[in-house]
Amino acid sequence: MNTIGQLFSVTSFGESHGSHVGCVIDGCPAGLLLDQDQIQKQVNRRKANQSVFATARKEEDIIDIISGVFENKTTGTPICILIKNKDLKSEDYDQLKDIYRPNHADYTYAAKYGTRDHRGGGRSSVRITAPLVAAGDIAYQLLQQKTAIQTTAFVSQIGSVALMNRNEYQHLDLLHIDGNELRCPDENTARRMKILIDEVQTEGDTLGGVITCVVKNVPVGLGEPIFSKLHAQLGHAMLSINSVKGFEYGYGFDASAMKGSEYNDIFEMTDGNISTQTNFSGGIQGGISNGMDIFFHVAFKPISSIRKTQQTIDTKGQSVSLNIGGRHDVCAVPRAVPIVEAYANIIVADAILQAKLSTI
Amino acid sequence: MNTIGQLFSVTSFGESHGSHVGCVIDGCPAGLLLDQDQIQKQVNRRKANQSVFATARKEEDIIDIISGVFENKTTGTPICILIKNKDLKSEDYDQLKDIYRPNHADYTYAAKYGTRDHRGGGRSSVRITAPLVAAGDIAYQLLQQKTAIQTTAFVSQIGSVALMNRNEYQHLDLLHIDGNELRCPDENTARRMKILIDEVQTEGDTLGGVITCVVKNVPVGLGEPIFSKLHAQLGHAMLSINSVKGFEYGYGFDASAMKGSEYNDIFEMTDGNISTQTNFSGGIQGGISNGMDIFFHVAFKPISSIRKTQQTIDTKGQSVSLNIGGRHDVCAVPRAVPIVEAYANIIVADAILQAKLSTI
Amino acid sequence: MNTIGQLFSVTSFGESHGSHVGCVIDGCPAGLLLDQDQIQKQVNRRKANQSVFATARKEEDIIDIISGVFENKTTGTPICILIKNKDLKSEDYDQLKDIYRPNHADYTYAAKYGTRDHRGGGRSSVRITAPLVAAGDIAYQLLQQKTAIQTTAFVSQIGSVALMNRNEYQHLDLLHIDGNELRCPDENTARRMKILIDEVQTEGDTLGGVITCVVKNVPVGLGEPIFSKLHAQLGHAMLSINSVKGFEYGYGFDASAMKGSEYNDIFEMTDGNISTQTNFSGGIQGGISNGMDIFFHVAFKPISSIRKTQQTIDTKGQSVSLNIGGRHDVCAVPRAVPIVEAYANIIVADAILQAKLSTI
Amino acid sequence: MNTIGQLFSVTSFGESHGSHVGCVIDGCPAGLLLDQDQIQKQVNRRKANQSVFATARKEEDIIDIISGVFENKTTGTPICILIKNKDLKSEDYDQLKDIYRPNHADYTYAAKYGTRDHRGGGRSSVRITAPLVAAGDIAYQLLQQKTAIQTTAFVSQIGSVALMNRNEYQHLDLLHIDGNELRCPDENTARRMKILIDEVQTEGDTLGGVITCVVKNVPVGLGEPIFSKLHAQLGHAMLSINSVKGFEYGYGFDASAMKGSEYNDIFEMTDGNISTQTNFSGGIQGGISNGMDIFFHVAFKPISSIRKTQQTIDTKGQSVSLNIGGRHDVCAVPRAVPIVEAYANIIVADAILQAKLSTI
C-alpha cells in the first residue's frame, strides 16, 4: 500500500511532523556508483525557493542514506533514506485538531482510521515526497549508467495561464527548466503565470496547474502488458502525488476527438531505425514503449489551504468558520516538478529491470 | 504483470486466437451466492450488438466457471473463468504476419518479445477483456451483497460530439444506459453521435471518445494511501484498458484552472451525515473516499484499424501499403462501457476488502 | 495466496472434482522452445503406476496449454495449463458430505470458509498438483536452455525403512530414479520398502516417508536475502505440498548436534573455481547458492485415508464410525517425487530470473 | 525480497556496521495502543546477557519508532523502527576484507553482488533481526488485543544435549522460559547444556541447537491454501533466520515413520468444541489451523566463527590461515528465542488479518 515499483520497489514512511520522513528502496542493483550531491540537489529543488509561492516553514531537507550503500556504491541490499523533520511546532496545529479543513484529507483519514495525526496533514502532507525525490534520483542515476534516458518535467499551466499547446514541446528548451521560478520553459508564459500568481496572492486565494513530462531516448520494449503497461504504471505513480486529479499521455483526451486517419502514427525507417512520422501515441503502443519520446500531462488541483475565511465543520459536526493563519503557498505546481520527474524515473527504472526478463 | 487487485486479485490470460481467453480470481471471499446469468448478461453487453459499429466476427462468449464455485456459491478458492474462442480462422491473419500495422501493438510486442502471436492482435486484442468483464461482475455481486454501491458507466463523447458538461451527470438517467446503442444517456447527443458514426463509417475512418463512470453510495474510507489511493487504483485499471489515453476524476484537468476558493468542497451536515456542498473532488480526498459520488472520465483514442489505405513498414523495414479488409468497428467506445464498469467494480471490491483491515 | 514464485509466478486453481484443475504461469520469458511431450511425460510420472500403491481412480491427465505458447514457443504472455477432471462421480463422495475425516482438511476448510466442496477433498486434494508438475517442467526446460542445472528427487524413506544416510547421496545413481516403483535409487532399500508396503497394505494401513532432492550445477549467486533466501523459498514451496510436515537442507537437524569445527565447509580452489571440501551447508550460505550441490529433505506424513474403521465426528459434532471404502494408496511418497522436482524447478527458475537483476 | 508478511508486511533494511538497522511495518491496523516498554524489553532479550555465550560487542539496542504511531496509538500508516549501531569500529574488520570466512556469507554475497560490505557480516549479520524483534512484538500486541494467542519459544537442544522428546512439551513451564540463561524450560537439561557449552568454550569451538515454538489458543481457520498455508508461512519465516537449517511442525520428520492409524488425530467434542484426541498434526491441517496448539521446531547450525585456526581462501583464491580474534559466542541459540517468537507472531498476525477476508 505504501510501496511503488515491482522490482525497483520504494516503500514510503513518515508523517509531516513526526521525527523523520523516509523511504526504503528494495531492488536497486548492486554496483551503482551514487552521486549523493546530485541526490541532495534534486531534493533541494522540491523546496520552496522564492518569495511568491514559498511557505513560511523553512525546511532543510538533508538526506541521510543509512543503509544499502558502502563506499558510495550500492550493495544490492535495501537503501533506507531519512530526512529529519526540523520544524516541530506541533502546537501550531492544535487549533486544527478538531476541525476538518475543506479539501484536505482530515475527514477521510479520521473516518478511515478512527484516529489521525493532525499535525500538518500528517501522512497526507506533500512533505512525505521529499525522500521519494531522493529515491527518484537514485533511479535516475541507474538510468544514466545503463541508458541514455532523459526525463524532464516542466510547468505547462498555472491556473488559467497555459502554454499554447502542451503537446508541442519540441521547440522548448528542456535543458533549463529552472531558468525561471515557475519552471515553465516559455519565458513569456512564465511571466503571465507570475502576474496571475501575484494577483491571486493578494486575493488570499490559490492556484493549480498542469505539469508536462517528457522522457527521451527510451529503448523500445519497456512496459509489461496487460496490467503493468508502461503508461498505466506512470499514471498510477502520478495519481499518487498529492493534489493530482488527472493524467493523460500522448494526445490524451484530445485524441478522443480525432479520427483514426488523423491519429495513427505512421511507421517509417530513419537511419535504419523504426520510428513514427508523428507521435500522437506519446511513445507507448499496446502498453510498451516504441522508442519515440514518452510525454504525459499531470493535472493538479489548487492548493486547499486558502487565506480567505471558509465555512466547514468540526469533528463533532458543528459548523465553524476557518481562518488558516500564516503564509501559505499560492501554487505548489512548480515545486511538484521534481516530484513528477522522480516518480517517472522510478517507474522507468522499474520497467528497465522488468525488460531484462522479457526474453530467454 | 497480468494481475490487477491486491486482495480481490484477478489474473488475466489468453490471446485473441488461442483456444480460450480467461482469468483467475484469487481472493473472492467464500459464501457469495453467484447469479451466473447476470454475469453472462454483462459479458454479452461487451459484444457488438448492432449494425453500425459491429465487427463481422460473431462472438459467442459463453462463460465457463471451472473452479471456485460449488452449488452456485463461492468456496473461497480461486475462481477460473474461461471463454472459448470460436472463430479460429488464423489464415485470415496471415497477410498481417509480416506487417506492423499503424498504432497497433504489432511492432512493440515483436520488439519486446522477439516473437509474437500475430493472429488478431494476439495478447493485445481487446478480446481478452471478455472474461475480465465476468470477473468484474463477480466483484459487483460482492458489492451488492455487502454495500449499496452502484457503478454506472456511459458514453459522454464520441469523436467531436460530447455531452454539454460531463461533470454534470446528475440530471441524466443512469438506470437506462443501454436505452440507445451509443450508451449515451442523453438522447439528443446520442442521435448526433449516431450521425457522426454513419458519416465516418462511409469515409472508412474511425472514432474514439470518452466514457464517464459514476460510483454511487460509496462508504467513507475506501483507498489506501499513499500508493494505493483509490483514484490511483482506478486510474491504473482504466489505463490498462485497450486504447485508453487519459484518466481524470472529479473535475480533473478542469480543476487546474480553478482557484482554491472556487474548487474547495465545503463540508456540511445533512441528516446527521457529513457531506460536501459541491463535489469537485469527485468523492475522493487524500486518496480515500469521502462518501460523495465518485466520478471519473476515461479517454479512448480512435480505433487503429481503418479502411483507408495506409503506409507502413513490414518486419524487414520495407515500406508497404496496407489495406485492412473485412468490416471493422468505427468506434469501440460504447462496447467499452461494461469494461469500464467491470474494472471499476474490481477496484472498488478490492478497496472494500482492504478497508476491512484499516482498524483493529 | 494461490501463487508461488515472484518472477516466474505460478497461480493454481481448481478442485479435485470440478471440471478442470489448472494453473497460470506469469513471467515465463518469451522465446522458450517447449517440448510438450516432455511436459506430459513428467505429468504422467505423478500418476499411480502400479498395483501396490495405485488408486482405483484412473486419471488421464492430458495437459492442454491454452495460452502463452505460439508455434511451440513461449510468447512472454501468461501460460494457462488445463487438465480435465475425468472421473466425475460426485455421488461417490455423498457419504462424506457430513463427516470430518480424521487428518483431512474437511474440518478446517469448513470452519474457515463456512462452506466447502466435499467431493474428493475439493481444493485440498493432491490432484491440484498435476498442472503444477507441468508448470515445473516448463521451469525445467527454461533451466535447461539457460544453465546446466539438474534437479533430481528420490525416495529416501518409506515408513521405518530408510536409506542408510540420506545426506550421502553421492554414490547413488540419480539418473535412473524410476528404475523401481518406489523411486528409491538403492535397490536393496527399495525391496525392503516394498515388503513393508505389502504388509501395511494387508493391515489396511498407510505410510509416509521422506523425499530427498538434489540440485546439481547451480550457479553461484541464486537467492535473495533476507526474506527470499533460496532455502526459504524452497522450504516454502515444499511445505506447500500436501502432507508435508518438515523440510531441512544440507545437514539440517543433524547440523544442530555438530560443532562448528566439524560443520564448517572449508573453501578451496579446484580447477580455478572456488568450492568447499565438504558440503554440510547443502550448497547455500547466507541464503545464496555457493555452487555446490543443493540438497534437501522433505518429510511426508502417512496418508490419512486408511481402510481400518476410525472414530470421528460429523458436521453436527456427533460421534460416528468411519469406513472409507474403495481402494486407496498405501503410500503417496513415490508419486510425490515429480511434485518435489517441479516445485524445486519453479523456485530455481524464479531465482535465476531474480539473479539477472542483482547487479547493474 | 526484504519483506515478510502479505498484509502485516515488514520490510527490513540495514547492515551490521551501517549507521542503523531498521524495518518498516506496512499494514498494521490503526488504533492499536502500543506498549513501547514491552517492545524494548523483547528487543533486550535478543541481546547476549551473560558471560558464557556473550559477544564482546556491547549493544544498546534502543528502539526508535519514527513514524506510524501518534500519542502511543498506531495510525494505520507505516511504522518505521530504527536501532542505532553504536559500536562502529570498522577497522576491526579490515583484516577480514579480503578473506572468505568458512560458512559465512562472505563469498556468496561477493559473488552475487560483485561488491560487499565486509564489516561484521554486513547485511548477513544476525544484528539485522533486532528491529524485526520489535516488529514481532508489535504483532504480538496486536494479537493480544484481538485474541488469546500466546507464542512461546524455548531451547530444546544445544549441540548433543536435548530435551527427552521435544514434541512432549505439555509438562514444561512455558511461562518462565527465561528462568535460566539457556532458555530451556527443563532445569536438568539446561544444566547439562551449560556444562557442554563450558567445555566447548574451552576448546574454542561452537555449537548449534534446536528451538521449539508453541502457539496456544489459535483460532480455527488461519492459513491460506495453497501457497500461503500457515505452516509454509511459518517455515518460510523460520528459514529466513540466520543459521537455520531445518523446520518441522507437529511430528515433522518423525511422522514419516508412523502409520496412518498411529498418526491420525481423532476428532472429538469437548465442552461443545471440536478438538482432536492427539495432536500429531501440530495444530494445522490442510494448511489451516484447527484450534489445537501449533508447535514446530527450528534447527540451527553451529556458529561459524570459531576460535580454532581454519584454512580458507582469500578473495584472490589464495590459501590462507584464519584466526578470528576477539571473544565470540559459543552458541547463539538461546539468543534466537525472541527472534523465533517475533517471526512467528508476524506470521500469525498476518494470518489473522488474512482470515478477516475468508468469508463474505
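By written order: A, B, C and D. Residues from 1 in each chain.
Note that in this section a contact is a pair of C-beta atoms (placed from the backbone, for glycine too) under 8 Å apart; a residue touches a chain by one contact, two chains touch by 3 or more.
Here the structure is a predicted model, which is why all the values come from computation and not from measurement.
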{"item": "Identity of the chain that, by mean CA position, is farthest from chain C", "value": "A"}
{"item": "Matching chain pair for A-C (criterion: over half of the contact pairs shared, by residue number), options B-D, C-D or A-B", "value": "B-D"}
{"item": "Pair sharing more residue contacts (C-beta pairs) when B-D is set against A-D", "value": "A-D"}
{"item": "Interchain centroid distance [CA atoms averaged], chain A/chain B, Å", "value": "26"}
{"item": "Separation of mean Cα positions, chain D and chain A [Å, integer]", "value": "40"}
{"item": "CA centroid of chain B to CA centroid of chain D, Å", "value": "46"}
{"item": "Junction residues of chain D - those touching two or more other chains", "value": "1-3, 12, 27, 30-31, 76-77, 112-114, 123, 225, 358-359"}
{"item": "Chain B contact footprint on chain A (complex, rising order)", "value": "1-4, 6, 12, 100, 102-105, 107-109, 111-114, 123-124, 128, 157, 159-160, 200, 203, 205-210, 220-221, 223-229, 231-233, 235-236, 239-240, 245-253, 255-269, 272, 274, 276, 280-282, 284-290, 297, 299-306, 308, 310-313, 317, 319, 354-355, 358-359"}
{"item": "Touch list for chain D against partner chain B, complex", "value": "7, 27, 29-32, 74, 76-77, 142, 145-146, 225, 353, 356-360"}
{"item": "Touch list for chain B against partner chain C, complex", "value": "1-3, 11-15, 18-22, 24, 26-27, 30-31, 64, 66-68, 70, 73, 75-80, 82, 112-117, 122-123"}
